[in-house]
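So the structure is just underneath, and the comments pick up after that.
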Amino acid sequence: MAERCAVVGVGQTLLRSKRDDVSIPGLVREAAKAALADAGVGWDDIDAVVIGKAPDMFEGTMMPELSLAPALGAVGKPMFRVHTAGSVGGSTALVAAHLVAAGIHERVLTVAYEKQSDSDAMWALSVPQPFSAPLLAGAGGYFAPHIRAYMRRSGAPEHIGRIVAVKDRLNALKNPYAHLHLPDIDLKMVEESVMLWDPLRYLEACPSSDGAAAMVLASEGALGSPAFPPAWVHGMAMRSEPTMFAGRDQVSPRAGRECVADVFGQAGVTRPREQIDVAEVYVPFSWYEPMWLENLGFAEPGEGWKLTESGATAMDGDIPWNCSGGVLSSNPIGASGMLRFLEAAMQVRGQAGEHQIDGARLALGHAYGGGSQFFAMWVVGAAKP
Amino acid sequence: MSDGDVLVANHVLDYPYARSVGPVLGAFFTALSEGRIVGVEGSDGAVIVPPTEYDPLTGEDVGELRDVGPGGVVTAWSWQVAPGRKHHLDHPFAWALVRLDGATTAMLHVVDAGDPGAMATGMRVTARFRPPAERRGHVLDLEAFVPEPDGGGR
Amino acid sequence: MSGAEAGTQPVTVLETPIHLDYVFTPGIAQSIFLRGLARGVFLGQRCPTCGKVYIPSRGSCPVDGVATDEVVELPDTGIVTTYCVVNVPFAGQAVEIPYTCAQVLLDGANISFMGLIQEVPADQVRMGMRVEAVWVPPDELGPSLASVKYFRPTGEPDALYESYEEYL
Amino acid sequence: MSAPARRPVAVVSFAQARNVRREASRNEVELLMPVVSEVFAAIGASKDDMGFICSGSTDYLVGGPFSFVTALDAVGVWPPRAESHVEMDGAFALYEAWVLMQEGAIDAALVYSFGRSSPGDVTEILALQLDPYVTAPLWPSPVALAALQAQALIDAGEATEEELAEVAARNRSAARANPNAQVVSDASPEELLADEYVVAPLRRHALPPITDGAAAIVLAAGEKAREWRERPAWITGIDHRIETHALGCRDLTRSPSTALAAERAGLFEGPPVDLAEVHAPFAHQELIVRRALELGDAVTVNPSGGALAANPVMSAGLIRIGEAAARIWAAESERAVAHATSGPCLQQNLVCVLDASDGAVVGGGA
């Protein structure tokens, strides 16, 4: 019963630590208008708007879809707001895609954003509540122990994280939208950066960014005349598991494994490393690349770090990951997941510019959130499914 | 455990958000700090107040800024019998939609009318600004609207 | 057309402080755990379906979605499953850096929680290390994990990796 | 217009917490757990039957981020499930589930919502829904804005204070039959008019109560629905629309978004409804929504007592759908409409048409 759905327009803002030149409506419009222009459509051509962002406390705006509706041309239309923690940018795109796939709408605008500089992301992520445990570790302290567990489990040497940190920042130099542009980045610079949460160094962690992403999704009958060929949705899936439970595998969560099995199943992918040309995967800390390589089935358990070490995930490798620079180079939290989905679409549309993988035909977009318990993924392709 | 054993504590959510406002709202707040009110031309020529970067009905880009007010007409109102602790006036006042002279749309603000008997839909009001030294580029630089003398209040 | 008068600074940033007051309750199950801490004991709760012991329990077994009604007193001892060394200063930090934060799995519990490790140099903390809780003095005990001053090594042999691997 | 045929999906189970002024002991997980348990038990289903889970809530009610994350522990999403969350009323979570079910792969879904309005000052909190630059810094409460709307209605000659009192009296009297209602009263409209103004022209009785609550619904498709419920409440159409945020650009006496959503949901096609559950937190809003839905005098409106009898923020809309569906199960209604609203002065509205027959399923879309 599902209809075909394609990305026909993409737009993103310049991603920066502080976008103090714009308001929140200005920020979301910058992305949305770029997506409309890319799709060759106007506000009137949009049937519905689906918006996502992380906690409202980042900007001190409750249910901001209400005040942003007119800024996104949504008056008289359905306006929908998704919030699934860090995976929200991905799950927002999925809700929009389902509206097309279910045959409800012909053309949907989806937008995700975060304007973290209106407050302080570290505060907003962990607002202290009464009786809560003393703040022992800070934000990265939640993830660092899981990274250590991965190192123990896989026997990965400690320089692997540094390889990812350098690779993604070099890729970011080819992406004009990326927040971090570090032309002098190298293994030594990462190694000499401050140790934050041992084993995690400063340059192995993501920045805090302002930014927005937007896409126009269309049904087969409403593709219009976009500037680039459509990126067809070949599969989409989301999965959640409890945040904390006895015996939970936090290094390679089952929800991630089942989500990717679902999305690859829909897309007919049985050998991801061979069939997927390029992947945009949510890697906020360097070590999450080898961890997700295993979780997503690109490598056998315990072998992900070897793939990273071999250079397979670099732009000239056989399975490039995060050619855009990824979350390690830009992290507007609510938009980060959508940027992964969007960059995957850009690759198969051939519009990624300097960070384009020539001839990319099938791409994975991945987002996860919270304590690695929420996952959203899609596979997009140049060919009609 | 009985319910009486359940712990309870006060919790405060407090943050001094600092919002970049962009060009259009920036012009509005700058004007307020100068004791003026500006709107913006919408996609069909309507003058929108407060100004937004987009037409509030169509989403299209807006045109030039336009001076409006300081007088205007109340198009709807309600009476705050007892001010809340967040309100900037310490005595009863009216909430009102005020369509400023030269504007097409009405803006929400308060009318410091003293008594609900002084309020009526269609009455004329005018802006009362804070003294220049107290202005800070904020919507409350316009402290309140007040009834114009013989402005049609009951 | 209006323009800024001479001398007026264009407004680029708007400050809008937000202050909201709440009356907070952690709920019935967490109150049991917190009241235990105020007495210097760890109180976990067992899921009637899967039998796993949660500490703290938020009221339900996250796997089975049923209330964890049975209260289980747990000992002060357990193991470090994994850890990190904190080298970064941040607001609200209570301890001088560098220090070790560990996931501590109490004996008899099926879930770990984060605790501070002291009385051992940061570079000597190990996965599987046996630790015990050091409580604050009785007159400082309260309904908070702050009642646990820190965990310290017991000196017992480390737990085998296989014994706690499923809790990573 | 004729919309494409939809897959028949029905509301087959509904549960809600008893609505109270203050749930002082239980946290969100503890509030929700028995509701989820009840919504499954009522039809002999379990979480393992659910192909999708979707919830609605807002962090600002508890004053901390990610409140929906811990709430999920009330369900027990293990093994992992397809699951999502909207920072909207649960009625919109139901919409998302309905959309996914249209694609045919999912036969049953759990929808839930929760919220305690008592921990903070909900009138201050809801001011944060307003544009953060020029409106929220004035801290207008939802009551102040609703009062503007009520005055506009009165000025237009379309309502009187007496009529608002009649609406309040009827809803709270009807609530006598609702075991989960919070505010019930047999006071006459004349007695209610002795109430003080809170923000004139709204008197105390025209305001919703402050409510802590939670609700859950199970949706099922086709044969699965008939297996669980002898007389399922089929969703024959569902749609939602939003208006501009700027109050000064709206005609506050009308609800065009409700009317448009109703049209797209097929409300005005086929036989008229005999029952409506409308989400009108303020008495005068019932008059506006009735007009937008074109409800005649023969229609029973809010037999549950509506939001004037209990208004658990983030759940009150979902509860309207559950209450309407329950009337269809009980053969007290053949065709019903449920309505949910969000935002100041009815800015955003959802309309869901429920039918005892799964005939022409229409609606939604552009």
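To keep things simple, chains are lettered A, B, C and D as they appear, and every chain counts its residues starting from 1.
What we mean here is this: contacts are C-beta pairs under 8 Å (C-beta built on N, C-alpha and C of every residue); 3 or more make two chains touch, one makes a residue touch a chain.
All figures in this text were calculated on a predicted structure; none of them were measured in a lab.
Asker: Which pair, A-B or B-C, has more C-beta contacts?
Answerer: Greater number of contacting C-beta pairs: B-C.
Asker: Averaging each chain's C-alpha atoms to get its centre, pick out the one most distant from chain C.
Answerer: Ranked by distance of C-alpha centres from chain C, the top chain is B.
Asker: For chain A versus chain B, what separation do you get between their C-alpha means, in angstrom?
Answerer: Chain A and chain B have C-alpha centres separated by 39 Å.
Asker: Provide the C-alpha centroid distance between chain B and chain C, rounded to the nearest whole angstrom.
Answerer: Comparing mean C-alpha positions, chain C is 45 Å from chain B.
Asker: So, what's the distance in Å between the C-alpha centres of chain D and chain A?
Answerer: Comparing mean C-alpha positions, chain D is 33 Å from chain A.
Asker: Would you please write down the residue numbers of chain D that are in contact with two or more other chains?
Answerer: 24-25, 60, 63-64, 70, 72-73, 76-78, 119, 124-125, 128, 132-133, 136-137, 244-246
Asker: Please set out, as single numbers or ranges, the residues of chain A touching at least two other chains.
Answerer: In chain A, the residues touching two or more other chains are 20, 23-24, 57, 59-60, 70, 74-75, 123-124, 127, 129-131, 242-243, 245.
Asker: By the touch rule stated above, which residues of chain C touch at least two different other chains?
Answerer: 12-14, 16, 18, 20-28, 30, 34, 61-63, 143
Asker: Which stretch or stretches of chain D touch chain C in the complex?
Answerer: Touch list, chain D to chain C: 24-30, 33, 36-37, 47, 60, 62-63, 70, 72-78, 118-121, 124-125, 128, 132-133, 136-137.
Asker: Would you pull the chain B residues touching chain D in the complex into a rising list?
Answerer: 3, 6, 8, 11, 13, 17, 19, 21, 25, 28, 48-50, 52, 56-57, 75-81, 84, 86-88, 95-97, 99, 105-110, 116, 121, 138-140
Asker: Provide the residue numbers of chain A that touch chain B in the complex, in ascending order.
Answerer: Interface residues on the chain A side: 18-26, 29, 43-44, 57, 59-60, 70-75, 117-120, 123-124, 127, 129-131.
Asker: Which bits of chain C are touching chain B when the two form their complex?
Answerer: Within the complex, chain C touches chain B at residues 1-2, 4-5, 8-28, 30-32, 34-35, 143.
Asker: Which residues of chain A touch chain D in the complex?
Answerer: 1-2, 23-24, 47-48, 55-57, 59-70, 74-85, 91, 94-95, 98-99, 101-106, 124-127, 129, 237-243, 245, 253-255, 258-259, 370, 373-374
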